[in-house]
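The structure is given below, and queries will be raised subsequently.
Letters A, B, C and D mark the chains as written, and numbering starts fresh at 1 in each.
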Amino acid sequence: MDMLSLIIKFGIYGTMALALIAAIAVVTLRNLFHSALCLAAVLIATAMIYAAFHADFLAAAQILLYVGAVMTLIIFAIMLTEQLGSKTIRQTNRQNLAALAGLLVFVVILGRVIFKTPWPVTEKALASKVTVMELGKAFMGPYVFPFEVISIILIAALLGAVVIAKKDR
Amino acid sequence: MIIPLAHILIFSLLLFATGLYGVLVRRNIIGILISIELMLNAANINLIAFSKSTSLSPETGQIFAIFVLAIAATTAAVGLAIVLALYRVRKTVYTDEVHLLKW
Amino acid sequence: MVTSDQIILVPLLPFIAFAVNLLAGRWLKHRAAWLSVAASTIACFIAIPVCWAVFQGNHFANQGTWLMLGQTPLKFGYVMDPLSSSLLFMVTIVGTLIQIYAMGYMHGDPRYSRFFAYVSLFMSAMLTLSISDNYLLFFMSWEIMGLCSYLLIGFYFEKDSAAKAGFKAFLTTRVGDVGFLIGFLTLFSAIGTLNFSEMNALMANAHHAGAPLHAGLLSLAALLIFCGTIGKSAQFPLHVWLPDAMEGPTPVSALIHAATMVAAGVFLVARSFSLFMIVPNVLPVVTVIGTITAFMAAFIALTQTDIKRILAYSTISQLGYMVTALGLSGLGAGTFHLITHAFFKALLFMAAGSVIHGTHVQDIREMGGLFKKMPHTATTFIIASLALAGIPPLSGFWSKDEILLSAFASGHKIVFMILLLTAFMTAFYMFRLIFLTFFGQPRNLKVHAHESPAVMTAPLWALAFGSIVIGFPGSPFMHHWFQKFMAHMVHHPEYEPSAFVMACSVAAAVCGISLAGVIYLKKIRWAQKTAETFSFLYRLSLNKCYFDELYSRCIVKPFQSLGRFLFGFDARIVDGAVNGTGHATLFISAVKGWIDKYIVDGLVNFTGTLTHFLNSIVKRLQTGFVQNYLLIVFIGILVFLVWELKII
Amino acid sequence: MSSHILSWIIFAPLIGAAAVLLMPKSKTSWIRWCALLTTLIVFGLTCYALSMFQGSRAGFQMLEKAAWIPQFNVQYLVGTDGISFPMVFLTALISLLACMGSLAHIRVKEGREKEYYFLFLLLETGMMGTFLALDLFLFYIFWEVVLVPMYFLIGIWGGPRREYAAIKFFLYTLAGSLFMLLGILAVYFAASPHTFSMIDLVKMPRDFFFQKIVFLAFFLGFAIKVPIFPFHTWLPDAHVEAPTPISVILAGVLLKMGTYGFLRFSYPLFPEAAVWFQPAMGVLAVIGIVYGGFVALAQTDFKKMVAYSSVSHMGFVLLGLAAMNANGFRGALLQMFNHGTITGGLFLLVGVLYDRAHTRDLNDFGGLGAKMPGYAGILTFFSLASLGLPGLSGFISEFLTLLGSYQYSKVMTATATIGIILAAAYLLYMIQRVLLGQLNPKWTGLTDINWQEVITLAPLMVFILALGIYPNLILDYMIPTLDGLLKILGGAVR
């Protein structure tokens, strides 16, 4: 194990830890605007992890789409609703303890499953590297139909969002 | 593979759990939407991880992830539009103040 | 060249005149009369050669299928035998003359063309009836004549009395007609044919065989057919319509209610004579009815003062004579009197019409001394009266003598006496009428009489000539040719002429005339004295034997009240039952409604309440918080996971 | 088209009704002309069908058959024969004339012409279907289809007591038809295989007791429609309150549906029971004739008088049916047709007078004969036809009926003839009160009948006169079928 891979390894673990901390911040911070910023952090960290898995295109898309577009949208929404949250208003509802307990169970169970499952890791897969060109060919090839469907969904969502958000007279 | 697959999965599990916690307990609807984005990200990470480590077609996982990304964008757009419409009508974004379907 | 089928034109031509006059009368105006007269004149010229051929001993008939009665075809056609040819001969001549007369009489009437349309229709129907060869066609034309009678009686329908008279006439004859209808239905069911010739043949066979077929049914049929005669010929119980029918224009009275239509009743019996001959029980009934009618009508005529009513009762009386004759098996005598009577009675009516036309009054008490002012009218009237009274050698004498002879020779002495008495009364009332109208001094100075125009007097003279000569074919001078001619029809007894009967007849007529002369020509006072002496009889006669009152009380009123009662019954009971069902249904539904509300619905409501109660518990699950639901879903998934992975 | 002519006849009015529905409410003249055109087309189709109709054949003709509800063996089965075809022709004729009569009459009631003509055309479909259906189920449907438009037509456009009359008519008739429905179901379940088709049902034998019960059920349904004596009280109310054209249809066509039902269904399906009920039917017929005549005599309302005269005249139809012989049947079917034309005309004439004078009180009139000569002539014509004057069609049918009934029962016939006298009495009494006598000064302003009304009446007069002079015109079409029916009943044509 050389130095570089070690650094990368720890870098990944660090990114993961960072992402988890930011994620916890997202769900716990009282100020919604702050949690949105933390979300941005999570998303960027995720993008880094993608990059680490040689999913360069996805990492770029993650940054562009999520951090660029979705985050802007969310922040706009937060601004428009003018409910950033305050000390006086509870930001969590009364079922947080129950939720926490349930989640603990959930994590424990799935954790056990994850560790017990013999994941079939193949060397060939590890060695492969997907280029943007291959992705594009796949989209235009076997996945052309879902691709088109997604485009329709996006248009529908666009129109739908406009219609819903429009002020009715 | 630099780190074991299980570690990645545990990470995404924790990320998912955190997002779910947010969904279950946050009162603010925008907060819920943000948490949903967390959960979607967790799922995406899983997809990438599996596509990197199993012998299926390598690009499939990424393609699925991109679809999820697109869906996430639409969810955000439509969801936030609903929030805005709701806010305009009810002047609130807190879930427990919107309970028309209560008995 | 005479072909027998031409005879169809005879009724057809007046019918065409009727149709044209009815539809185009507004444009034809006075030309309407020419059309009708022309139609019946041509009909007359077609008919007379055919009749003449029949008088020579020929016989024509033809027919075609009209309707299927079951599997039996009902054939319509004509038959030209002695009976129909005699009637046809009389009707065409008298009808044409009366129509010519009517041209003058009806002149200036606002419904001139309508009048001639109706008369043409009547002529058409009467001629169809004369030549028809079966009961159904006979009945159809019979009814159409009734309609024409109705329309013409009510011709001046603005007068209430005229409208009522038409109504009465139609309805009264209709009663008889219905009898007639059932009568020939009975006949059809008994012998299976409605054709006269076939019936005659069947009857002749039965007669020779000795035993009649279905005696009971046939008697019934004959009796019911005679009902038609009673109605149409104004015989005893149903005679009340004829005097009232005088509300119509006088030519109508002459044509329909004296010469032709009323005689059709007698003609019906003559037509069915073979039937009447074979069922012995019916002829006495016919005789009795005829005799009663003859006597009663003459009795009523004694005291009437309306010139047309006197003639109307005289007509009834003479019809009674004819019916009596037929009842006494005197087919020849009855038919003969029918023909002669048509001539002189039509003449009487037309002359009376001429008087009315000239004076504009109908009450003989207001007339008097008209002879000088209306010589033609008066002369012809007297000729006709002499004929009616039975003074030889005028036609009435020969025919009346035949009837008296039938009564005398067949041994019905009482009938003979009554008829003789009637003859006496006939002479009396006719000359009472003449003396009061034409002789003496004018009693009403407002009446300015004038003679009628030539178009009216010419037919009078033509008929006067007829009244004189038409009796000769039946007289001993021509060896009773007419009676022998009629004997071709149906076998019936013939009687030797009797000088005694002739003498009685003449004596009765002369006595009547003399008595009338004594009472009315000399001193009117005598008449009042006589009336006071026999005041009961006088009132009985003056009030027409109270028939109208009797019918009004016994038939009209009960029928009307029955109608009203049944209407009340309908509205209250029958409809009440329906409405009562409705109300009962409503009541039951009210009770049901209570049950429904508190018991059935109570059960339903209890179910509802129970549900509501359960709901109040279960509904707590529906918090309305979306995250709550989500949490539950999540817990559900967890449970599922735990279960599936068998962790515990 | 030629093979589906009967369906066209049934549904052409429905198409017209749909067209009327699609038209704007304000375009009343479009609606009127559309309705008139539709009825005219239906009449034309009927004439076309007449040219294809084979009068000498006894069985059903122009059959159309399609499975409708195959699970229950319900068929769309229409066809015609010598019994139904005259009725179809009558329906087409009367509908056309009633529609022409409506043009002037309904215009008075502003604003509802669209509904009126829609319902009118729907009614025509119902009537046509009733006469042409050969499947009991289909027949029942059409039978009920007739009820609904009639209810509204009386209830909306009627006289002052229209609601009462409409509800009475509806409930009464519905009650009867429910019995009929029971009967239909009984017949259906008794048949094996279960079927509603008349063609198959006629061939199946039925138990005598069963026949009697089911005959009674059918009888109630038809008797109310005719109407036969104790069930007749809806008729005067409905007639008096209905608007003129609807009275015409009611008298001209609807009453015939009852007697048609006897000929088409009751007799062929239950021949033994029919013979068993023969005396009862005869007695009811005679009661109806005499009773209707007497009650008509007592009327002061013109329309009510005509309505009761219908009771009397329909009694003759029933009498002919009860006679159960060739002449009786012929007379009855002919009387159905003639009563439709004659009484339809009388109702139109009542309407003519009512539109001018706004009253129907007979005692209020008088002397109109001089004021309205054309009207007087036509009214007299129809009255004479109604009272059975020879030469007009009423006489022939009454004569044949009486001839037939005479072969059956002399007493009944003799009693029934009282009805003839009464008919003369009440009709002439009416004429006397309306046309004759002094003119009531109130009516000096009345105008004579106009050309439009004359055109409406003229076809009826032509038929009355033509059939009166030569009845074989229509009898030829009827005789083979009626004789066939008689054979089913076990009688011989004599």
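In this section, a residue touches a chain if its C-beta (ideal position, glycine included) is under 8 Å from a C-beta of that chain, and two chains touch if they have at least 3 such contacts.
It should be emphasised that the depicted structure is a prediction, and the values quoted were computed from it without experimental measurement.
Judged by contacting C-beta pairs, the busier of the interfaces B-C and A-B is A-B.
The chain with its Cα centre farthest from the Cα centre of chain C is A.
Centre to centre, using the average C-alpha position, chain B and chain C are separated by 110 Å. Put simply, the C-alpha centre of chain A and that of chain B have 7 angstrom between them. One inter-chain figure worth recording: chain C and chain D are separated by 32 Å, centre to centre, where each centre is the mean of the chain's CA atoms.
Inter-chain centre distance (chain B to chain D, centres taken as mean C-alpha positions): 78 Å. Under the contact definition stated at the top, the residues of chain C that touch 2 or more other chains are 625, 627, 631, 634. Shown for chain A are the residues in touch with two or more other chains, namely 93, 95, 99, 106, 110.
Residues of chain B found to touch two or more other chains are 20, 24-25, 95-96. Annotation, chain-chain contacts: A-B, A-C, B-C, C-D (touch as defined at the top). The part of chain B that touches chain A in the complex is made up of residues 1-3, 5-11, 13-15, 17-22, 24-28, 30-31, 33-35, 37-38, 41, 44-45, 48-49, 51-60, 62-63, 65-67, 69-74, 76-78, 80-85, 87-88, 92-96.
On chain C, the positions that touch chain D within their shared complex are 66-72, 136, 139-144, 147, 150, 154, 157-160, 162-164, 166-167, 170-171, 174-175, 178, 181-182, 185-186, 188-189, 559-560, 562-564, 566-567, 570, 574-575, 577-578, 582. For chain D in complex with chain C, the residues that touch the partner chain are 168, 171-172, 230, 232-234, 291, 294-299, 325-327, 330, 367, 369-370, 384, 389-391, 395-396, 399-400, 402-403, 406-407, 410, 413-414, 417-418, 420-421, 424-425, 428-429, 432, 435-439, 470-472, 475, 479, 493-494.
The touching residues of chain A, counted against chain C in their complex, run 93, 95, 98-99, 102, 105-106, 109-110, 112-113.
Interface residues of chain C facing chain B in the complex, by the touch rule stated above, are 619-620, 622-627, 630-631, 634.
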